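Here you go, one structure.
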């Protein structure tokens, strides 16, 4: 045994069984960067407020009064609107709508898109077809496609969800497909094949876990887009319909009355900015820490 | 074709004194590096990459700096150019170039020195050239920034192109880098370096990314440039063969320090540092079979975590306890021959313990039914469709036959692009067979049905070039082993004990199973790769360049391991490599591949001792050997590059480069018209050449 | 180059054809009979049937599609039944405003994007780098219409510096026209410019680590020349691609910007058409936007090929 005991002068201690998996450690590291911490903090706070809205404001978002178009004050943090409703309350409920949209549409889009992309990597013919479909979706400027959905489905929460979902498909799909195709050429996948591991095993054990990180990061990036699509449709009056508030529809009405109540749109804008900045900071720091190889 | 430095046709060159190598020995040094220290402050602590390096270089000489990864050799070279990568900084020492303190001159003046007095040649010529700039402009830029007018710069660029041996200069000078082959690109980089007639050329592994026949071209060019222009060269390399062939002086670096320095002749005659000695014994030789390699244990130290005292002490066979306490100084132990070793300084014996077992392996007679038999195999690697949608086939493997019998080792040698990896990937079913048959252990698996695949997987296992890439980064070694064992039906506690057993077989410990691949060194990962392959108890291992990604001192460990396993488990090996020395060391039979075909095959003795095909002959001739008295020998240096398999030459595929082919000999139309078949030669092996055995050493190239 | 472009043709044609099918299918996918939707209140079946025949709704789908495409190709964009005017007229009347806005925004995006991108990819003092990074981060995180709202609040409501509602054609009155154009164009272009400059910056920082930059340094090339000739030059391809992709989004973004700034362009026409279910008009507008987006992408790929010899000659 001249050669065999040379390379391990220090045998590892037995207690090393529980090494933190590489990728989870990276997510932790991403959240511990300054940007990651700020982003996570803001998002946690916004989510908490939105979730607790019915507890904090049990009267709901439609309490009208005579005090129309009040400015910002301690009583009405963001002022009141054309029906004398508290804009802060409406903004919190609007945020709730937006977060619900993101929470529904982004995962749905991510899962469907990733599955389509992965299937495309497994069955090349299907993959080529999907690639063409994604090309078409991308050929549509994003808002134009959202308009198409509204044309077909009419305005409302559901069509906004569908629009966001469709718009997200190409991003997730292409990423999943290219990631899986890249993995298929990786030597450890080739190694598994030469061992005789079945295709399904290879897919679930090697390819999917190693394609997941970029998809998750893309999910964070796309969440920002989802918020923008909602508020964009809202501003056009083609999104979530009154009386249910959303950040977009608040801006729509707010800008209409901006001359009567100059501070009307300020509150919703601030919350929207906060949400967008937090999401994009989160995706930045994830991108830096998790996607780097 | 060669123009010398006396042709003073550019203003920049005109006002400089002619540079004829100073004939006087002991003249003033061109480059003096004294006690250089370089560190890289990182968030995890300061990495001391270079710790007090000293050496000097005279005009017109070639100095080799040898070391493995992390030895600090490249950092030293960059410090001389003041081109350290962020966040590197020079902590101390001096660099004197022709009497000027390089570390002290202002940056603006330094820019004048760079490219003017000192120039650099990089490892990867593909990456070193700006992809969107014509090569002529890139050369001209080097001249223009040093004040040469535009028209003169172009003329000089053309002249440089001719000087470095690029054909058809008027046309090629206006091409982009991607239109050149690897060897030609490196010539372009050298032309850029030479633009302003620098006195010092720093070449950082300039041939590592190139094939051995191209390497021979570049080394020849460097020697010519030194002889004709008198330029001094610092050659950074890990290859002792290149040093022996090219260099006058030698500096051996380890762990950021110089461990030995002296003239190449002296150092090769007698090594004064155990590391140098070990390096030379750990490398297999193409010119001799030799005994089992004496491997250096362990792996090169991490510069961020150097051991105390002599960095080599933990791996040193003659180390004493005191070696780990203080850093040995670099002392002159013989005239102009320095070493940093306590043992050597006291005149101690540096000889390595002899190889534990003498090699008792006689070439195995081919016996038994072949484990693997490939007949007339063709593999298409193209998916490119023409405009009308037809696939235009490119056969990377084109009509190839071979056999491996149980317990036998077949070495497959060829340069990059010859199709050797495609062949191995086709055998295990990753690439599709276009024509021909593959028989594995008596079963025809050409069609690669599901059952065929299982049969292949149970018989043949694969060892990869890059052990890191072949392990899933998210799975522990134990999980990877379990997967392999599961395929043989071993599960549960049986799998645990079997995994532990396999780890022991390849020289790792059971505790390693819980770790992730990134926690291992390169050599250890390759051991894991071997252990995983062994889990299936294969009859044949295909090893695709298993040591070429490893540091020199690690290669011997893996070679020895493969050798030992082969004897113990009676496994056949299909050993694929570009390195003729490694193949000779391990193989019983050898097959030489060129552009998708085998051009010569026979026993190792037959092929290496008396090659019959001109390509084999040239390959052997181009391989640098770590022997000094070799320096005078005439090498066969092939011209040009291997053609693309998309458009192979008619007749003999080697004829476009063959030194005895139609390009060099009259009346050899047969090479263009008829494909030579593999036929038995009088010497014993088979070769595919119309004129076997004709090329001899020193033939015109 | 030609070969490269020829290989692009099938995918460009494919996307255009599919987009036309989608546009064609939209009204037929929407709930209800388009003819019924056109008629105010209750109408007798005969009237509706006549309208259906007039619109060609009684023909098989593929024939309707071919007729529609055939008419489009001949320049007959059909009639808006709601507004009772030819679609071509409606679009013609609104086109100038939208073209003004998108052209101005595209130019601004290219200039601002490249300036900040190259600045960000150059050697900067820490302060300057922080400023550039902050600028890019903000504008990437914020969509065009939000920038528009902020600009309106700051320059139109709180400080009445510039007009924020309506428009004057730049060609008619350059002075006033530009005053009306500047804020919407800025709003539309700044976020797109930030994505351009972020990508250019990343590409430049990557290029800086390449060996060819080292070779240039070892030649004695000055830092400034290295930044322009070697680093930035190699990043222009990235810039061309992302600019091409963004032009389509600018066009779509102009929908919102026109609405916010009360400009009478195609955007407000489209929004009105969607709200009132004026399908014929919507169809044409959607196809129009998609075709322009595709052309912009094609133009950017041609630019990329012109900039990169590996693609042009490969």
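The first chain written gets the first letter, and so on, giving A, B and C; residue counts start at 1 in each chain.
Just so we're on the same page, a residue touches a chain if its C-beta (ideal position, glycine included) is under 8 Å from a C-beta of that chain, and two chains touch if they have at least 3 such contacts.
Just so it is clear, the model here is predicted, and its values are computed rather than measured.
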Item to complete: Please name the chain that ends up farthest from subunit A once chain centres are defined by their CA atoms averaged.
Response: B
Worksheet item: When you take the mean of every protein CA atom shown, which chain's own CA mean is nearest to it?
Response: B
Fill in: Which of B-C and A-B has more C-beta pairs touching across its chains
A-B
Worksheet item: How many angstrom lie between the CA centroids of subunit A and subunit C, rounded to a whole number?
Response: 24
Item to complete: Find the geometric centre of each of subunit B and subunit C from their Cα atoms only, then give the gap between the two centres in Å, rounded to an integer.
Response: 52
Discussion item. Between subunit A and subunit B, what distance separates the C-alpha centroids? Give it in angstrom.
Written reply: 48
Worksheet item: What residues on subunit B touch subunit A, complex-wise?
Response: 292, 295, 297-299, 314, 355-357, 425, 428-430, 453-454, 456-458, 460-462, 464, 466, 469-476, 483-484, 487, 504-509, 511-512, 514-516, 518-519, 521, 523-524, 527, 529, 532, 535-536, 554, 557, 560-561, 564
Worksheet item: In their shared complex, at which residues does subunit A touch subunit C?
Response: 132, 135-136, 139-144, 147-148, 150-152, 154, 224, 228, 231-232, 235-238, 251, 255, 258-259, 262, 265-266, 269, 272-273, 276-277, 279-281, 284
Discussion item. Can you tell me which positions in subunit C touch subunit B when the two form their complex?
Written reply: 6, 210-212, 214-222, 225, 229-230, 233-234, 237, 307-310, 313-314
Discussion item. Show me the residue ranges of subunit B that touch subunit C in the complex, using the header's touch definition.
Written reply: 81, 83, 111-116, 118-120, 122, 124, 127-133, 141-142, 145-146, 176, 178-179, 189, 192-193, 195, 387
Item to complete: Within their complex, state which residues of subunit C touch subunit A.
Response: 11, 14-16, 18-19, 22-23, 26-27, 29-31, 137-138, 140-143, 145-146, 149-150, 152-153, 157-158, 248-249, 251-253, 255-256, 259-260, 270-271, 274-275, 277, 279, 282, 286, 289-290, 293-294, 297
